[in-house]
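First chain A sits with chain B, and in the next complex the same chain sits with chain C.
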Partner chain A sequence: MSTWLANAVDRGGATNDWLSPKRQQSLELLQQSRWPTRKTEAWKYTSVNMLVDATFAETSDGIFDAPELIDNLDSIDLLLVDGVLRSDIGDLPSGLSIYSIADTPIEQREWAAEVFTGAKPSKHYFGLVNDVLATAGVLIDVAEGVKVDRPIRVICRQSNGCESHTRILMRLGSNAEAVIIEDFAGEVKSFNTGFSEYIVGESATLEHYRIAMNTGEAISIGGCHFNLNYRSALNSTVVGLGSSLSRLDIDVNHIGEYATAKLNAFYLLNGSETFDLHSSIEHIAANGTSEENVRGIVADSSRAVFNGRIHIHRNAQKTLAELNNRNLLLSRNAEIYTKPELEIYADDVRCAHGATIAEIDKEALYYLQSRGMSKAQAQIMLSFGFINELVDQMPNQNLAAWLRPHLRRRFAEMESTQ
Partner chain B sequence: MSMLSIKNLHASVEDKTILNGLDLDIKPGEVHAIMGPNGAGKSTLGYVVSGREGYNVEQGTAVLDGVELLELDAEERARAGLFLAFQYPVEIPGVSNMEFMKASVDAQREARGEAALSSRDFLTMAKEACSKVQLPLAFLKRGVNEGFSGGEKKRNEIMQMLLLEPKLCILDESDSGLDIDALQVVADGVNSLRSDDRSFIVITHYQRLLDYIKPDFVHVLSEGKIIKTGGAELAHELEAQGYAWLTGDSAENTAETSA
Partner chain C sequence: MTEQIDQALEREYEAGFVSDIESETFAPGLDEDVIRRISAMKSEPDWMLEWRLKAFKTWQQMEEPEWAHVDYQKIDFQAISYYSAPKSMADKPKSLDEVDPELLATYEKLGIPLLEQQMLAGVAVDAVFDSVSVVTTFREKLWEAGVIFCPISEAVQEYPELVKKYLGSVVPQRDNYFAALNCAVFTDGSFVYIPKGTRCPMELSTYFRINEQNTGQFERTLIIADEGSHVSYLEGCTAPQRDENQLHAAVVELVALDDAEIKYSTVQNWYPGDENGKGGIYNFVTKRAVCHTNAKVSWTQVETGSAVTWKYPSCILRGDNSIGEFYSVALTRGMQQADTGTKMIHMGKNTRSTIISKGISAGRSNNSYRGLVRMGPRADGARNFTQCDSLLIGDQCGAHTFPYVETKNPTAIVEHEATTSKVSDDQMFLCQQRGLDAEKAVSMIVNGFCKEVFKELPMEFAVEAGKLLEISLEGSVG
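Showing the complex of A and B:
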């Protein structure tokens, strides 16, 4: 355990709340685990050395990167600053309930405690850290058959020098539908772990976004974990920028048959940023489908890591699973480590996986230049197109419309450092 | 004054000489057809003049309306008024045709010191160009050439040409893979742009296109240089007799395959 973590656990270990029994279990697991180093398979290409002796403030100076308004989104906003819920949970549509983890009514604690570590596997070291330390966050409960028509946007921001650990626990009843946006951004020196767990009920539909836009010195380690029950559907999009250390673990567990998961993710890295995305899709039940498309563009001396695992269990016959990772390198100094993994124990399944790393297509560049665009402009346009294919697929086009100018600005910055 | 004047052009690709002392002089308003056997250097001429990477000019000059092209980057040549309709237009998924064409037009306007067009004004122009080449308006929103048929790609090239209004257009086998109707559309697009201050180079294997786009001159390119020049009637002779009588090869060796 690092000095930082030992101190943090000393504080967190003293926390006595309704999740304490669960936290205690995780603490024990944490104590049995080794601090991740480059010899730890899951952290082979990303170092967490900077956290060994790090110190962060527990309390906020109150200054944080204010969240942006997203035109036409009409979302239900929950603002957490340094893990503290700042928004009032106002009037909610019928069938939707939201509670602060710090202030959970007694009658809600039982189901919420089941969701807690119910979808997130214990293998994630910082997931365990979050189990122990995340006293902040929200519970979201969508009742059976309820379609929540406004997106729920959980906005997590850090103030300068602060450390925070937040948790989102969400339960969708059968036939329910909801849209959730986990919105992480900010560039000030800080450290957050943000883990979320979703139990998607029978025939329920979850549209999920993780905006992983912490940049600069904002260290962010998090995860999104889903249990998909019978005939449920997940559509998830991850938008990643890099920071001095940014890591996200996605786990999708096909618990019930005929569940479908569509995962799109893209990352755009610049400077000396790191973004490390691990995904693991567990096909436990039969007749499930999963389709994962991950794309990245890395510029300057940035580093992207993608590890995508599909694990098809013995009973998961008739599974359809596809995984694809495509990368564009804009600089000779940038690095990409990509590893798709298939592990199949059923004999009647259809699976495909692939990974590519390429430079910008010279013929396409010439085509655009031959129409009068500068090389720099052509490169931005091609980069944008490469990512925009996934942006176009976002079910919420208001969110996509907000995102595109951000991406363009990002591409322009990425070019200027060439 | 010439619109395009190419003198003694020598060019190579990967150390293989393709153009071998080519001369061509085109006056404003003229249409020149370039024909010739496979491997003669027809497409290479388009690439060299438009500035494609990997095509090395070893000797010679190419001057477009007073501007020496061969020193310039591809985009500067385009801004100087050159347009190449590609034989194989490139697919760019994720970038809409509209966005691509507006960026192209604006880049050229900016180079001339003009302001970018408003989205509304450009849309009006684009719609007009789109219907002129008989593509449904939905093609403006689709990814650039993405999933277009061969004929649709060629028409999309002509649409770009209509919007960019170049001084010199090089059509690289714009007729290949087209049925008669599509050929007519491409030809109509070209003919609508014909004017006293615009010139064309039409690279083709077949005389058929030249029935629709009447050339002022027909050149036969072989082994990197022009070996014969004539009027429109030369295309008919070539159609009837092939190239062997000009190149001295036996007809079997120069049998044409469609591109």
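Showing the complex of A and C:
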């Protein structure tokens, strides 16, 4: 165990709130688990050595990157700085309730405690760390049949040199609909774990975004976990930029029949960044579908890791599952590690996965240059096209419109380092 | 349908008989002394014994791997006998006529008539029975061509320079737990050397047979194809039906020097255990090839036997323009577990590799493909294509795919595809509507599913493989 963790566990053990029994369980599991090394399958390609003796401030100095406004998004904004809810919860549409986890009313605690460790597999080492240490965070409840027409944007920022643990818990009642944007960004040196858990009720629909844009020296480890009930639908998009260490685990559990999940993820890496994405789709019930598209562009001396697992349980007959991972490798010093996994125990299913790694098509490049474009322009255009397909598929086009200039800027940076 | 699957599961293992041959077998147990005795039995030179002892020390420091997707009772390495030889081997036969007739009958039963049919088929055979190589056919004819094909124990005596130079050069002693064990206790196996520019005049073949109870088989095969040479090598395996699990931990090393080509084909039909998973062979094998400039190594395997298989024939594409191929059909039924695949390590420029893996799971078995494709920083213009298809028969089995892809070179291209499906009702309907019965239809569909691999096998093996698959699938789909 690292000295940082021993220290953190001491702090966590001292916490006494309404979630303490759950935290205690996680603490015990954590003490039984081994500190992840390169020999741990889930951390084979990403080292967390830098955390072993790291020290971070526990309290905020109050300086953080101010959140950007997103034009026309008209979102319900919740600002969390270092995991603590800063904005006042104003008037909410009827059927939508939001609380700070610390101030959860007694009558909401029972289900909230269940959700707290309900969707996230206990094998996630830093998920357990988050269980123990995330004392603040938000709780969002959408009542049955309620369609929340404004997106909920949870803006998570870190202050310089600080360690923080953020938790988002959300429940959608049956037939409910909601859009949630988890907006993590910042360039400051910080360490954060950001985990979110969703229970999607019968026939409910969740549109989900995780903007994972902590860059520079930020160490960012997080996860999004979903329990999908009967006939519910999830549409999730993950946008990633790398940092000195970025790790994200997406887990989708089809616990009810006829649930559908669509998962798109793309990441653009530059400098010496690392982005490590693990996804796991558990088809536990029958007749579910899942479609996953992951694309990565890796430049300079950055590293991309992708592990995409599809697990079809014995009873999950008639499942349709697809996973596609495509990567563009732009530099001689960059590295890509990909592992699409299938684990299938039911026979009447259709499953497929594919993975490719290559550089930009030389002929396409030549074609554009022969039409008068500079090589740099042509490269940006082709890489942008590679990603844009997924940007176009984002259901919320206001968010996509805000994202595009960010991506363009990133492409220009990537180009200049080559 | 379930009934028919059950029927299929009850199918007897045809090679499950025991041969009543007097044999000399070491008492179970493993320590330095046993290794010294093995070495002494083989009258090995000192360097060989030292090499074994070093491997044994290494093995003692290692831990049994647990990462494979298989579940089996831990092996008690002290309960295994590490040496067993037919007694009549004490005076090694000079020719076939002197071989114990019971032994020959065993091979006859297995469908390996050592002499007559080989004459017709033109295949040279080295037969390994438990721990020793019993007979090698066609040695003179091969000798004329300059090809060395003999038991490895003999090669240690007669060609020590070659053995010293290449043994352990592809699979180092501490490569993995079972390879280290093999280095310490290997008893026999085949040795092949093809001289420069020679095309081996016939196909070489080894048949492995475990006969004695409580013995492990640890064979070691070393094939060296010198510059510009070519060889095709076949390997087949069977074992009697026994209630205890038996360990087979072999190491195969292939060295393809510049412009050489090695084609290595395996039909593995070790005893798979009964329908409840009792007995059967633990097949923990390390197979690896090194390809130098412009060399080509092609692994083809048909895996239908063993209770637990743990096998990854690999290619290290060290030289520029070298080629690695892996074609595999793995069929599991009953309680069998297979975790098999390949590693393609691209080091040289313009290296190419192709992986075609077909997994068929039936009964309550689990069949996993585990593969690694690594593009090193120097592998400019390297290319890999991987295709893994799984076919599920019945709803109690599992099919899994664990491919690792690692790239450090932007000019390298890697493609991986995997699909999983079952024999579809539509396919069955179409075949049956054209007058085929269900069984023939399944056999035809499965054969079609495996065609890409079967066409890579030498003809005699392709026939055998097709037959094996057909028997294994008998009645498994309705």
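FYI, the second predicted complex is superposed on the first by the 418 of 418 C-alpha atoms of A that agree within 3 Å, B and C clash if a C-alpha of one lies under 4 Å from a C-alpha of the other, contacts with A are read in each partner's own complex, and residues count from 1 in each chain.
Here, a contact is a pair of C-beta atoms (placed from the backbone, for glycine too) under 8 Å apart; a residue touches a chain by one contact, two chains touch by 3 or more.
The structure presented is a predicted model; accordingly, all values stated were derived computationally and were not measured.
After superposition onto chain A, partners chain B and chain C are found to sit side by side with no clash. Looking at the shared chain after the overlay, A:R332 reaches chain C, while chain B stays out of its contact range. In the superposition on chain A, A:Y367 makes contact with chain B only, not with chain C. By the touch criterion defined above, A:Q377 reaches chain B but does not reach chain C. Between the C-alpha centres of chain B and chain C, as viewed from that of chain A after superposition on chain A, lies an angle of 80 degrees, to the nearest 10. Of the two partner chains, chain C is the only one that A:T356 touches; chain B does not reach it.
Contacts of A:D392 after superposition: chain B is touched, whereas chain C is not reached. Taking chain A as the reference, the larger set of touched residues comes from C, when chain B and chain C are compared.
The gap separating chain B from chain C at its narrowest, counted between C-alpha atoms of the superposed chains, is 15 angstrom. Partner chain A is touched in their complex by these residues of chain C: 67, 69, 375, 377, 390, 392-422. Those residues of chain B whose C-beta lies close enough to touch chain A in the complex are 50-53, 73-75, 77-79, 83-84, 86, 89-90, 92-95, 99-101, 103-105, 107-108, 111, 143-144, 160, 164. Remark: chain A residues 41, 314, 317, 327, 329-332, 334-359 touch chain C in the complex.
Chain A meets chain B in the complex at residues 361-364, 366-375, 377-378, 381-382, 384-389, 392.
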